[in-house]
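Pasting in a structure now, in structure tokens, and then I'll have a few things to ask.
Order of writing sets the chain letters: A, B, C and D. Residues in each chain are counted from 1.
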Amino acid sequence: MIELGPNRYGKAAIRLVRVMRGPDGDRVRDLTVAIALEGDFEAAHTDGDNALVIATDTMKNTAYAFAAEHLDGPIEDYGRALAEHFLEAPQVDLATVNVRAHHWAAIDVGGSPARDAFVRGGEGTRVATVAASPGGTTVEAGVEDLIVMKTTRSAFSGFPRDGYTTLPETDDRLMATKVTAIWRYGSPDLDADATFAAVRRTLLEVFADHDSPSVQTSIWIIAKAILERHEEVEAIRMVLPNLHHWLVDLSPFGLVNDREIYTPTTEPHGLIEATVRRGDV
Amino acid sequence: MIELGPNRYGKAAIRLVRVMRGPDGDRVRDLTVAIALEGDFEAAHTDGDNALVIATDTMKNTAYAFAAEHLDGPIEDYGRALAEHFLEAPQVDLATVNVRAHHWAAIDVGGSPARDAFVRGGEGTRVATVAASPGGTTVEAGVEDLIVMKTTRSAFSGFPRDGYTTLPETDDRLMATKVTAIWRYGSPDLDADATFAAVRRTLLEVFADHDSPSVQTSIWIIAKAILERHEEVEAIRMVLPNLHHWLVDLSPFGLVNDREIYTPTTEPHGLIEATVRRGDV
Amino acid sequence: MIELGPNRYGKAAIRLVRVMRGPDGDRVRDLTVAIALEGDFEAAHTDGDNALVIATDTMKNTAYAFAAEHLDGPIEDYGRALAEHFLEAPQVDLATVNVRAHHWAAIDVGGSPARDAFVRGGEGTRVATVAASPGGTTVEAGVEDLIVMKTTRSAFSGFPRDGYTTLPETDDRLMATKVTAIWRYGSPDLDADATFAAVRRTLLEVFADHDSPSVQTSIWIIAKAILERHEEVEAIRMVLPNLHHWLVDLSPFGLVNDREIYTPTTEPHGLIEATVRRGDV
Amino acid sequence: MIELGPNRYGKAAIRLVRVMRGPDGDRVRDLTVAIALEGDFEAAHTDGDNALVIATDTMKNTAYAFAAEHLDGPIEDYGRALAEHFLEAPQVDLATVNVRAHHWAAIDVGGSPARDAFVRGGEGTRVATVAASPGGTTVEAGVEDLIVMKTTRSAFSGFPRDGYTTLPETDDRLMATKVTAIWRYGSPDLDADATFAAVRRTLLEVFADHDSPSVQTSIWIIAKAILERHEEVEAIRMVLPNLHHWLVDLSPFGLVNDREIYTPTTEPHGLIEATVRRGDV
């Protein structure tokens, strides 16, 4: 017997910009939105019956319309409005909305922010994922592509050696990584902008402050600090590629290279991921 | 109480080329390999203790050495040798090896294949993932980035309409997608090259042959045919973005556009995914 | 005094697919088009006067309309129709149209090509650039992203050594490159499809056949053969990154690596470019 | 007769990081460097004679060594040292060095910059190109990928209408672009860091301040201001894609969209480029 297993569908890469125009100048929200639905879609697969298939084009239209009506606050609130809207359809068991926010800052003109001109930039991308089901709504927030570096206070030693091991031990390496960190809130009802900013600040500060014996331990130290300082956070998953920076051998050129000149590489890279969470007492 | 949850680590984007030199000409294997381990790595996180942390640099070295010794057959066999090697370490509970194979063909010179010159190309990327645990070894195979198009015999109608629905019904649209299809074998012991080629052929032929009332139904029809024709396959997961091609309105220019001129778009796109599997009888 | 120097403008990344429907099955043309104009546009810059500025949106519309009317033959002919159309505007001195063609092949079903289903792939991208001016129309054709490899018969030795030279000489290295080759025809009136296919075949065959003492010499040998065999071609420019493949040192693992296991890299890469042309007698 | 035309070669995508360690904390320079040489390289092409071919691997080594010795000041000075070094080889007529600088900021920890931890980010990429020839050395500086937006005070009207024109006139559109601006200095001897910062500030301020009747006029206004305010600059070339943001039609959903909800697109895009320079008096 052949049967349908897990399945979902939706619209991805919905791009939209909202300009909020005000007497003190404009504000810009620039988002990439993805919507996915799970539920009673077996007949859509096995019988070619689209009677319950909300068109992904309709999802896109709804994302635009809701941007006009529900995007004056945090992206988490916008995502929640969208997710809970789609959950109203009886065939939907789970509606998931992912929002990525691209950062624009007002251009500085002679020391003051421009009213109507912006420059894109920033460090990493803010993301939020809201999942609505009959059992309730969960909210995840986080950052992607947050590239950071420690120029010292990073080591890697004491690892096992076998016949394929050539890496020397080091007590002082350069550590660079592109952080993906996604944390889950205990409740969807919170000040999502303030909490995001606070968690992000903890992440960066602890990254800067700690001594790292390995990427694994760095994840633990950072994640633990976030859970300790931010009670809204129930769990956090971090994915850290180890973007190796190798010391260049300058000795053939008669030069000493005392932790000064590195060549960064992207292939291959270490890839370290872990979830840290509040356990049951 | 704060605790470590699921975690894994490894080396990704290991690039390697093996040239097999023979009297009738060379053959080329060009791979991107990723290795990930799960197991007893709690102390590595919480105590900064690397005693059990096989260095990801060692994984890379092992991938190179095993390419010399275990890459004369299918990539699945190479992946299995690597995965089962890492499982030998007692702290490892699960070793996963993902291999992506980039296609090179001998250059045609006057009707004959060159002995030692190759051109890269092909349609989609072959992938394999081998996971070894004390309970046994599982093998998945598949294709990624296999871009296909039906110029007719694709419809989408009968879907629900609400206040956000503007999409017209259509009984003849152009359907384009970039197929990711990953199938799991019932046993790791099989002729992986022949089976891969046969499953891929079924995928393409059924894609070409069937009438599509929706992407969902296309997945079902293709996946069901694969399971029916290839008993080695236990389950298959397909992820199909719907790469919309919109008919261009040429009427302002006095031209009729009868399913002839389309503009392809990538943002936004539908995204449809489902697993189809053998159920219990 | 501040003055306007060289300037041009246009529309880039116009995406279009034409499906040619016929009794023996459909054919697909999938293009990315860019249009650029030069001419009397000083007032557009210095006075904000748009009276002569053909809107880039109009260029896009024209590309679509001309696809319906002028795209039943080679892309060079389509590009020429577009370029000569824009040259009709008196303010235009030079109209340049660049066309990139993405390759689709009919899916093979049981040994026959499908009538209405296609798979994208192929080796490299065909390109054409047509430039129309009052002095006449020139046509360039070529390929981009044609990735090729010689597994032997490539050397690099006899180069100068200074205090920064560490590269050993080699009489047998693996050479891989991503060819960009753009050739100019002596006349725009030619069978562009047949000529393109013939030149491309020469390029690949000579790449496969020759012994390479350097990438520079490979360019010369290939380009010279193209000029010798294809009298339609007046000049050819080739840009060849040297995509280094380094032999992996397997000796720490007790293995010999006799030109077998390589690691491909993309950063850094050599970059070699040259034009070869017919000189005045 | 077939002859060699213009040619050049070098090493591209040389990646390097220099950490300058000091008592008040570390500083980071993260560069991508490309080196290209022109000169007496005919025999390298036509005779396979490498006697004058400085290996691109040697160029890479030199870039690393010079990073240790000549990278304590502006990237322009580093590029100049490299370019003038390669010009010392008698076969070299022109040595060009392009440097792209990736921005890292010290992480803020409790209001103070970390001594040894950094986050990558910023707005656009700083670039410099130094060309050394027997006639002298020229220096270009600039920015790439500087993405900016005007939410109002941008218009496009008064353009000609033909049978392919459907674009409505507008006196208030959203204008977004990704600026490439490359300016040439009159002399290589200048305070390159201070001048770069000043020119970049002018670029952003004038972009923010001016009313735009077209992208062409915006280029003129910005470039003219840079030339007027910065006498070190001889000429500036700007390349501005017009990254269209289209107002979404929300009327089917009963909503008014008064310049509020836009959908950004990248395909197709306008592409406007011009050089503005000091003319002869």
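Quick notes on this one:
The rule is short, and it goes like this: a contact is a pair of C-beta atoms (placed from the backbone, for glycine too) under 8 Å apart; a residue touches a chain by one contact, two chains touch by 3 or more.
If you're wondering where the values come from, they're calculated on a predicted model, not measured in any experiment.
Interface note: chain C and chain D, two copies of one sequence, contact each other through mostly matching residue numbers (shared numbers exceed half of all numbers used). Comparing chain pairs A-C and A-B by the number of C-beta pairs in contact, the larger count belongs to A-B. Averaged C-alpha coordinates give centres for chain A and chain D that are 29 Å from one another.
A straight line joining the Cα centres of chain A and chain B is 24 Å long. One finds 38 Å separating the Cα centroids of chain A and chain C. Residue positions of chain D touching 2 or more other chains: 15, 61, 65, 164, 166, 252-253, 265-267.
Taken as a graph of touching chains, this assembly is complete, with every chain in contact with every other.
For chain C in complex with chain A, the residues that touch the partner chain are 163-164, 166, 252-254, 265-267.
Taken together, the chain D residues at the contact with chain C in this complex read 1-15, 34, 36, 41, 44-58, 60-62, 65, 89, 156-160, 162, 164-167, 213-217, 219-220, 224, 227-228, 235, 237, 241-242, 266-281.
Only residues 15-21, 26, 28, 30, 61, 64-65, 67-69, 104-105, 107-110, 114, 116-124, 146-153, 174, 204-205, 207-209, 245, 248, 250, 252-253, 255, 257, 259-265 of chain C touch chain B when the two sit together in their complex.
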